[in-house]
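Some structures to go through are shown next.
First chain A sits with chain B, and in the next complex the same chain sits with chain C.
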Partner chain A sequence: MSEPVLRLSRLTKKFGTVTAVDQVSLDIRPGEFFALLGPSGCGKTTLMRMIAGFETPDSGVIDLEGRDLSPVPPHRRPVNMMFQSYALFPHMNVERNIAFGLVQEGLPKAEIATRVADMLDLVQLKGLAARKPHQLSGGQKQRVALARALAKRPKLLLLDEPLAALDRKLREDTQFELMRIQRELGASFMVVTHDQDEAMAMAQRIAVMRAGVIEQIGPPQDVYLQPANTFVAGFIGKINLFPAKVVAVALGRSRLALDAGFEMNLPRADLQVGSVITLAVRPEDLAVEASGEGAAGQVLDSVFLGETSLTRIALPNGQVVQAARMNAARNGAWQMKRGDSVRVQIPPAAARVLAS
Partner chain B sequence: MSRKPARIRTGLPAWILSLPLVWMLLFLVAPFAIAAKISLSRSALAQPPYEPSFDWSAGVADWMERATQFSFDAYAGLFADTIYLDAYLSSLRIAALSTLCALLIAYPFALSIAHAKGVLRPVLFVLAVAPFWTSFLIRVYAWIGILKDEGLLNHALIWLGLIEEPLQIFATDIAIVIGIVYSYLPFMILPIYVALEKQDAALLEAAADLGASPWRAFVQVTLPLSLPGVLAGCLLVFIPAVGEFVIPDLLGGSDTLMVGRTMWVEFFDNRDWPAASAAAILLLLVLLVPLRIYDRLQTAEERT
Partner chain C sequence: MKRGLTPAHVTFLAFGFAFLYVPIALLILFSFNDSRLVTVWGGFSTRWYASLWSNAQLVASLRASLIVAVTSAAIATALGTIAAYALARFGRFSGRSVFSAILYAPLVLPEVITGLSLLLLFVAFGVERGLTTVIVAHASIGMCFVAVVVYPRLAGMDRSLEEAAMDLGATPLRTFLSVTLPLAAPAIASGFLLAMTISLDDLVIASFTSGPGSTTLPMRIYSQVRLGVTPEVNAISTLMILFVAVCLLLGVLITRRAAPDRTA
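And then the complex of A and B:
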């Protein structure tokens, strides 16, 4: 594997008594689309602002292609950032906004004109070069901000909540647009977002952050299918958590007694007899049948969401679980309604044992 | 693409919205009409000291008869003697110099208020307008004590060994400029501060991110975006400074020519009301020029 573009080692930032970023280490690989995902206030924006140079870390190293960025002021750092508010210069037209960074470099006029034209092409804004920012729609502003940040051809582009200000439909289109542009340029993109769908859709790797600490880094599939802990499991998608006790371990299997009132086998031998664990199961993995094995449950409600239906089921111990079912025609019409008695089962292959 | 902003519909009764109109009518249009009328009259040994004067009870025929006596003699008089032209030019020069000095002091002042953190910002803001809590007249008098030959400033400079003989500042144009700059500085600071304060801090970060040093970011982003405030501040200082009377009267010398003083002399010393009125009307017309320019710049800004 090639050398990382950016390497953060044990980066820490405190505001007063609050540790916003706590000993964070991560690598960004060349040409990678990386997402920093977390709830608001988790320190992800502070982390990004330290890379851009707007915050000074208390300790740790920011290493860009082998060069320590700590003593470098923001205007000399070879990374660029797309701001959440876009921060377009209101007194300059689209062309001058995009050219701003190139003008600072002192490039020849002809070169600037070519590169601005290329950028306008890339973000599909030809013909709007003379517009002022206040004459643009939200989506157009977003593209200008992107073009402006990319005009300097940074090795690493930082994007702060790039889609947050767009409406839903535009957000989905723009996701694919960002991915196309990133592929075309081959630059590394680092997106900060609180939206797990956005991170899952765009990124090759996701870092999930909570309270200044990175909880897990990995490809979307890993983070979704093998969450490191209950926080990651709950933050990325919906999840059902079943507290359980290990009653026996033998022949490569463990026997679990779930608080929800039933027992099941798990194909794992590395659990301690008598220990209490948490089983995490995604709603789409939960098996719900009209009768049979498993916990007896009662349907609380069922909502139709288009491609899926989401059903909430109350178990004997009072726990409420969510089960999702695709509404594909081949699944047939098996509508659940409030009050139906059902059986809930956990397919052993779909259950994850989590540290809390 | 952008048009004139749509009229705001407040839903308030029309009489409230017409209040400014009534105010302008009473305190701007009516006095202007009176001054205009007097400026068309001739000086006379009478009470009031000009003619024609109209008798409300004399009837329309008498009015028409007296109206024929109106003339532009007072205006012709303004151009017959270069003292008026000199006074206008001197006023414009002093006002322009004062505006420039006020701008150079006010801009960094406004910038530091806008960039101040936490409670410091409102404190600095209040301090900037605090001089208004003392009467304007008293503050200008205080400058006499500072600037006169044996005043505070000369004492301090001699004590510091910077000069040996007292500087002659009091009763010169420099004293007037100092007085105007000091008195009108808040009017320059406030609009610039407002323009700077509403700028998105992310703009400067974006400029830095794109490779602009702090100085270049200031020149290319902060400064152009604050120009409307600069322009408003310059107008608020320049226009009253041109017609200023108290400051040149108290701090200026006997040979100081400013149009406000010239009018005073015509009105009170020479009792030539038509000449004073004509000078006032002319001043108003002269001051319409910078206002017109300001208006043009504003519409140009809105159109792009």
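And then the complex of A and C:
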């Protein structure tokens, strides 16, 4: 594998007594679309601002293509950032906004004109070059901001909540647009977002952050299917957590007694007898039948969400679990009414053992 | 609550405006009085405006006032903008609150005291009093007003605009010149106009700090009025009112025009 574009080693930043970023290490590969995902206040924006140079780390190294960026002021760093507020210069038109970074570089006029035209082409804003920012729609402003940040052809583009200010429909279109542009340019993109759907849709790898610490880094599928802990499991998508006790381990299988009031086998032998674990199961993996094995449950309610239906079921121990099913025509209608008695089972292959 | 104008509102409003503007209206009216007697109407005439220009003393002090106003306002604008920038951008540097208090103090300090202290300073340093000392004095007062006008504009500006400029490779100086300054320009221009009108209006501080040959217009008018109000004084005062009114109007217009930028 090629050398990473950006390597963060044990980066730490404190604000007073609060540690905003705590010993964070990660690599960004060339041409990678990377997402930094976490709830607001988890330190993801601080981390990005340290890479851009607007915050000084208390300790740790920011290494860009083998060069330590710590002593480099923001205006000499070969990374560019797209701001959440877009930060378009209101007194300059679209063309001058995009040209701003190139003018600072002292490029010849003709070269600047070509690059600006290329950028306008790339973000499909031809014909709006003379507009002032206040004459643009939200989506157009976003494109100008992107074009301006990309005009300098950065090795790494930082995007701070790039889609947060757009409405839902536009957000989905723009996701694909960002992915197309990133593919075309072959640059590395690092997106900061609190929206898990956004991160899952766009990124090749996701880092999930909580309270200044990276909880898990991996491709969306891994993070979704093999969450490292209950936080990641709960933050990325919906999850049902079943506390359970290991009652026996034999012949490559473990016997679990779930608090929900039933027992099941799990095909792994690496668990300690007597230990307490958490089983995580996605709503779509939960098997709900009218009768049979598993925990006896009562349907609380069932909502039709279009492509899926989501049903909440109360188990004997008071726990409420969510089960989802696709509403594909071949499945037939999922008849779930409040008060129905059902049996809830956990398919062993779909259960993840989490270290809480 | 009922909105709109009731008869009572109109009456109060009329009294308020009368209280403020009747004296000024009278002054303007009598500047067009043909009679030499100030309070007796002798028909409409603009002859006092013509005779102004033959009054060498008045013209000289008008010139002095204009020089002082423009120069001191320019200095005040530069210093006041820098002070406002320091307050708005340098975060919580040590002594920040003291600095801001000191900056705003001259706004509330009695002019007599400001004038006296400046006089003492000039005497202590053996500076000969003249136009320069008046300029310095007015610049120091004007600077506070400029800072007060420019600070909110800088403080309310989206910081990410400046960060974006730096991110795109602009040095801190280039960022200030090509982003911060243009965006704060309306406030800076209003500050300049304000400093200029304050300098033009000032009598007390100028009296303390001026020397021979540097009599400003307000000082000249004041000394002439002590010998009796002449229609010429009314005429020059009317011109001053006009000038100040134009400055204020410009200030308002500049701020208005800049308003759409604020949302961006």
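The definition used in the following text is that the second predicted complex is superposed on the first by the 356 of 356 C-alpha atoms of A that agree within 3 Å, B and C clash if a C-alpha of one lies under 4 Å from a C-alpha of the other, contacts with A are read in each partner's own complex, and residues count from 1 in each chain.
As a working rule, contacts are C-beta pairs under 8 Å (C-beta built on N, C-alpha and C of every residue); 3 or more make two chains touch, one makes a residue touch a chain.
None of the values given here were measured: they were computed from a predicted structure.
Bringing the complexes onto one copy of chain A puts chain B in a clash with chain C.
Of the two partner chains placed around the shared chain by superposition, chain C is the only one that A:P133 touches, whereas chain B remains out of contact.
Residue contacts after overlaying the shared chain place A:F89 against chain B and chain C alike.
Once chain A of one complex is fitted onto chain A of the other, the partner contacts of A:E105 extend to both chain B and chain C. When the shared chain is aligned, chain B and chain C each come close enough to touch A:N80.
Taken together, the two structures place residues 52-54, 73-77, 80-81, 83, 85, 87-91, 100-101, 104-105, 134, 148-149, 152 of chain A in contact with chain B in one case and with chain C in the other.
Residues of chain B touching chain A in their complex: 1-2, 200, 202-203, 205-214, 216-217, 220-221, 224-225, 304. Listed in rising order, the residues of chain A touching chain C in the complex are 52-54, 73-77, 80-81, 83-85, 87-91, 100-101, 104-105, 133-134, 148-149, 152. Residues of chain C touching chain A in their complex: 158, 160-161, 163-172, 174-175, 178-179, 182-183, 260-261, 263-264.
Taken together, the chain A residues at the contact with chain B in this complex read 52-54, 73-77, 80-81, 83, 85, 87-91, 100-101, 104-105, 131-132, 134-135, 148-149, 152.
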